[in-house]
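The structures come next, written out as structure tokens.
In what comes next, subunit A is part of two complexes: it sits with subunit B in the first one and with subunit C in the second one.
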Partner chain A sequence: MSIDIEQFHQVFFDESEEHLDTMEQLLMEIDLESPDTESLNSIFRAAHSIKGGSGIFGFDGLGGLTHVMENLLDKARNGQQVLTAEIINQLLSTTDLLKNILNDYRSGQPINQKEIDQAINLLEETIDADSASSELEVNNDGFGFFDSPTTSGQHTEAFGFFDGTDSAKETNDSAGFGFFDAEEKAEPVKDNGFGFFDTETVKPAPSEDAGFGFFDEPTDTAKTPRQPSPQQKVDTNNKQARSASTPAATQVKKPTTVENKSIRVDTAKVDLLVNLIGELVITQSMLNVLGNSETPLAKDKLEQGLLELERNTRELQEAVMSMRMLPISFVFNRFPRLVRDLADKLGKKVELKIEGGNTEIDKGLIEKLVDPLTHLVRNSIDHGIEMPDTRTANEKSESGVITLAASQRGGNIVISIIDDGAGLNKSKILDKARQNNIPVSDNISDEEVWQLIFAPGFSTAEEVTDISGRGVGMDVVRRNIESIGGRISIESTPGLGTNFNISVPLTLAIVDGMCVASGDQVFVVPLVAIIESIQPSQEQLRIISNEPLLWVRDKYWPILNLSKRMDIDGAIQSPTEAIIILIESSKKRFGLMVDRLLGQQQVVIKSLEQHYKRVPGAAGATIMGDGHVAIILDVESLADDVSTEATEKKHE
Partner chain B sequence: MSKKILIVDDSPSIRQMVEVTLRSANYDITAAEDGKKALDICQDNTFDFVLTDVNMPNMDGITLVKSLRAMAAFSKTPIIVLTTEAGADIKGQGKAAGATGWMVKPFDPTRLLQLVAQVLG
Partner chain C sequence: MNNTLDKNMQTDSSSQTEQEFLSFVLGEEQYALDIMAVKEIRGYEPVTKIANAPPFIKGVLNLRGDIVPIVDLRIKFNVGEASYDEFTIVIMLNVCNRIVGIVVDAVSDVIKLSSDDIKPPPEFGVAFDTKFLHGLAEVQDSMVIIVNIESLISSDSLALFDSSNQEG
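For the complex of A and B:
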């Protein structure tokens, strides 16, 4: 039976990507004065694992490069190679190249063999340059002998294994493993343990070709026929042919990112899921029995069964959702490198702090956060953090600090990008806004000024630099964040720095909602937005400038009548008979007037746009237990319809 | 009863490949991601055959072989070390630790099955 080796490719890609991320992270943390042996070992192991897998799965482009990298790292961890900043940079750019190659393989693009060969040559030069001085040392080593040029040549060949073709040597190659026999020669390199796989045809050859061996001779091995695998060879020959043709295609444009469709899930989460399914099956059979019985006790039992079912469903749902959750460090971990490179380029000193990397967030959201976060971090380094001499002149530490922080607040994840730079320049922003014909009122608040930088077209030509002006303005950042149901706000103090706060929902698929009725319609209000719900008394109500206001919690709240907003007939119009839900959106707070509360429940969000059309005030729709469709309200867009004039007037 | 094989490798893709390949030949497979986990498993289980990677975090393959050989239940179990180095130093270490043999990565499913068939007779 043949095994389709391609089924393991996805796992290999994922694990290699993780290894590359680990390598990058550890490389950046290396202290050149006294490198930590354990991190060098980890980096080595990562390169080694990629090499091992790429050999097995036939990704030679990765194999060759990681092999040389491994040699260099091996020397480094054995103290035979002194690590310098240049070598670290070289290793970092090699990991970049490896990531590109990995993406090419993942997306089925041809790999750039020329680039790989160049990188291999560069690394080999580095190794040679340094090993000249350490040659003696190697030879004094007990096993320096095995490092002879011929041996290492064969090493390289050893992972070209799948590509082996027709030579006599191939006979040995395809044996691939062997046994050390009891009378093994004292010279291990010359051991001929593989001999007994094919006693008739094997020619004496160095053991490296054998590929496996036994330290003690098993009794019945000599007669085992060797089984070559022609299928495998044909496949890999094709692969080689394909990669051989790639140098011609050097200029092929690469896709920048390949969306990763698979998730690696903690086995504990899968076990939990299996247990829950087990419980569900039990409940189901219990209900089944009840369905067939006619005793009076059946009703009680049925209720009990339904309760069980409810609990099972909820737990199952949570377990399944948790599988989509990944720690946000998946995004954060790419920033140390970016900050380092960018600060170097700009001649600035920047320290990056990461907080709350363990905060979990939906995988789909993580991917969509990469671009906006990258843009904001670039922006903070480029425009926020000042040059070292400016900082010293202003009595600040020479090195600026950028903090990336994440935390969970209710159903939201709040991500902050905080810099201790110069802060936003209010008058400059206002000038630029006027130049761009963006309407600006005279008594504009700070927060409103900061929001101006998100206006389309705000990034003007003079501001575009190599770093942050890549044709993506802050308006795109805001659009990206809003497209995943998030919002962004800014706090800035001149001379002290700027905070960008991004708040995104934990998941896009399910929302905790309060079901409310207005007329004969049911709506769902996301629970996170609700402060409390009250039935107001006449004394709490005021009318100011024709706007109804509610006095509660020592504040005036403008009232939005949902039935009017949604054109619903037959709804309660008198506030004292209705229910007012106090809502806090990112922009303002208001009271939403509805007929009554129906209860709290989790609802699955379905897109309205996809199935119907965009409806102002609606974030989506859901299907209720009775089969009816209910609109999920978008409190942010409802807030836009609330007039705050009267409230402000009253507060003044 | 099908033969029980323990495979130890820190790489999920290789582990999966070995696992799927050997399952297809009706072996009973247990997998561990490093030497330490493998050793834990071996406290309460016996196997007909152990296949282990060498280079792994927490506990490497050579240490695992040594530790297993010190246990009565594993004193005679065939143990093969998987290694990317065909170099004699690794072989020497494997042999000194008490391994039955070695197999070089890369290998393909056919070769793997061939090796296992040979070891388990």
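For the complex of A and C:
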């Protein structure tokens, strides 16, 4: 029977990536004074799983490196290798290299063998340097794999992992699954079989899991996939392993695994479910229309049923949406490393605090949040946090604190990046703005000053470093956040620090909207953008260069006529007869003139691009209760169409 | 992608198998397109207008949850009169992984043609640019214009897709 092994590559890549992330995270958390055996075990297991998988698939570049890494880790957890900051750094850079190799394999690019050999040599040096004294006790208490002496040095590409182990002198090695390590030592090898083989009670079970990552849970009895008569062979191992058992084996006998309880679901399937639910929502609103127009007798029952349907729909919708939700710690967890590396590089002391990592957010949003957040955190370290001596001079603690916090507020997730650094420098920003010919008035509010840093090409860093200062970042940050329907705001106090608040919608699939009519067409305005809706009186209207301007809430509002913008006939043209919706986009505030309001409704966002193309002014489309398509307005792009002339005049 | 049909035609000519076409009417003229591109045929119903779109793009329609653009070929190619009544037909096409509806005056028949029946088009005399044509065929003593529907729908002159994501 032949298996197409390539079909598993994707799974291996995904899993390895997860393992590498786990490794990195745990390495970051290791307390050098008293390393936690459990986390060392977890790191070891992660390395081991990668090695095992790469063995199966013949990714030798990964296998070789993880093997050496594993040796080092193994010694560390047995207390034979004292972990130092340098070793942790070395291991971290090795994980980086492993990530690169993994990507190379994934994208089918040639791997850089030289780099790998270099890393292997470095790791081996580290091992040798420390283990010269303890050379005689090479304990390899992996998960029941047996190391072969170099004298035999034979690698069999076998699937089973207990072949011929009658004596330690004999070959019992297989690079196939990576369960057998070729150890470059000639002494007899002690095998501490992770507790499998220490006691009679442990019985190797036949294969339960012939997939990957067999050893994620070493407490399980040995799993022996595709192994002819496993019982017999393992028996011999048992003897041998028993005789060789050492205290180290009992120590790690029952490790509790840090388990990832998530399941991997193909996003296409989830998307399908989301679509189906969308349909259900539409059906429900369709029935709603029917219910409102029927005879009074049937109406009662219909209404009751509709109420039920509405409840069901909502619950189902929530359940399905939650499948797409991931804890935001997926993003946050990459920051400890970044902060550490950056702080080291800059000679600053920075402590990272993470709050609300369990807050859940749409998977699609998570991916889009990574870049802006990374940028903001880098900025906070580079510009925000001061050098240690400056901090002590200002009577602050030597190390700065950056807090990453996430919380849910209504239909939004609010993510804050808070630093206790120097704060934004108002006069510097204003100077820079004038240099860049950005018009600023003298009595500009703080809030408006901070918004200036989002202008393209704006940076107040005195020198351009490779970390930040090129000024290409903040405008991209804002654009990225706006592209997912979010907003960013800044609070800053000189000397006390800066607080970036990002607010993004929980999900991109459904939006709370206000349905409005213009002529015979219906449009949906996202509710978040609406401040209020009014029918203006003649007294509230002003005219500037033939453009109507609204005076309300002590401000001037330029008016955008939706029917003109959307090319609609038969709409109301006189502002006093129409409804003006006051809208605040991130760039401007303006009034949107429509005929009338139809009501508030949750709408399912449908893509216009799937079968057609992007339409300027439209964020998408939705299907109304009567089956008609309504365009969801994109207030950000509508804001661009507001006559800038009128906007400028509003300041006067 | 645009020449899939061409390839089909070539293999057909070698094996002499016939291909099926759906014939339809635009104004006074008979047209036909590869039936495999047809998803369904339905009556015309009011659409949602798209702002600032060219006049031949009537708007978008809800096709069981998909938002689908509707193109009136009569306006685009200036044939017949773009009127909409209960007999106006929309052919829903499935081309280039997208669904597009085209408005025609009527759908007439399914015709079988072998590649020998299809003659190269003249350089002039039809509303369609010849690059969107496969050729002409005589069916029951009248001429049918065979349209290369994929190249027409994905063409820049219809501008139905963003040029960046034509394959999308």
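Methods note: the second predicted complex is superposed on the first by the 337 of 652 C-alpha atoms of A that agree within 3 Å, B and C clash if a C-alpha of one lies under 4 Å from a C-alpha of the other, contacts with A are read in each partner's own complex, and residues count from 1 in each chain.
Just so we're on the same page, a contact is a pair of C-beta atoms (placed from the backbone, for glycine too) under 8 Å apart; a residue touches a chain by one contact, two chains touch by 3 or more.
Computed from a predicted structure; not experimentally measured.
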Superposed model, subunit A: greater residue contact from subunit B or subunit C: B
First (subunit B), second (subunit C), both or neither touched by A:Phe57: first
Partner chain in contact with A:Ser49 - subunit B first, subunit C second, else both or neither: first
Partner chain in contact with A:Phe8 - subunit B first, subunit C second, else both or neither: first
Subunit B versus subunit C as contact partner of A:Ile282, first or second or both or neither: second
Partner chain(s) touched by A:Pro616 [first = subunit B, second = subunit C, both, neither]: second
Contacts of A:Gln521 with subunit B and subunit C, given as first, second, both or neither: second
Residues of subunit A that lie at the interface with subunit B and also at the interface with subunit C: none
Touch list for subunit A against partner subunit B, complex: 1-3, 5, 7-9, 11-12, 14-15, 42, 45, 48-49, 51-53, 55-57, 143, 146, 151, 154-155, 158-159, 161-162, 174-180, 188-189, 191, 193, 207-208, 210-216, 218, 220-221, 224, 226-227, 229, 232, 264
Residue numbers on subunit C that touch subunit A, as the complex places them: 46-53, 59-62, 64-69, 98-100, 159-162, 165, 168
Subunit B residues touching subunit A - in the complex, by the definition given at the top: 10-14, 16-17, 20-21, 24-25, 53, 55-57, 80, 84-89, 91-92, 94-95, 98-111, 114-115, 117-119, 121
Contact footprint of subunit C on subunit A as seen in their complex: 275, 278-279, 282, 521, 565-568, 606-618, 621, 623, 627-631
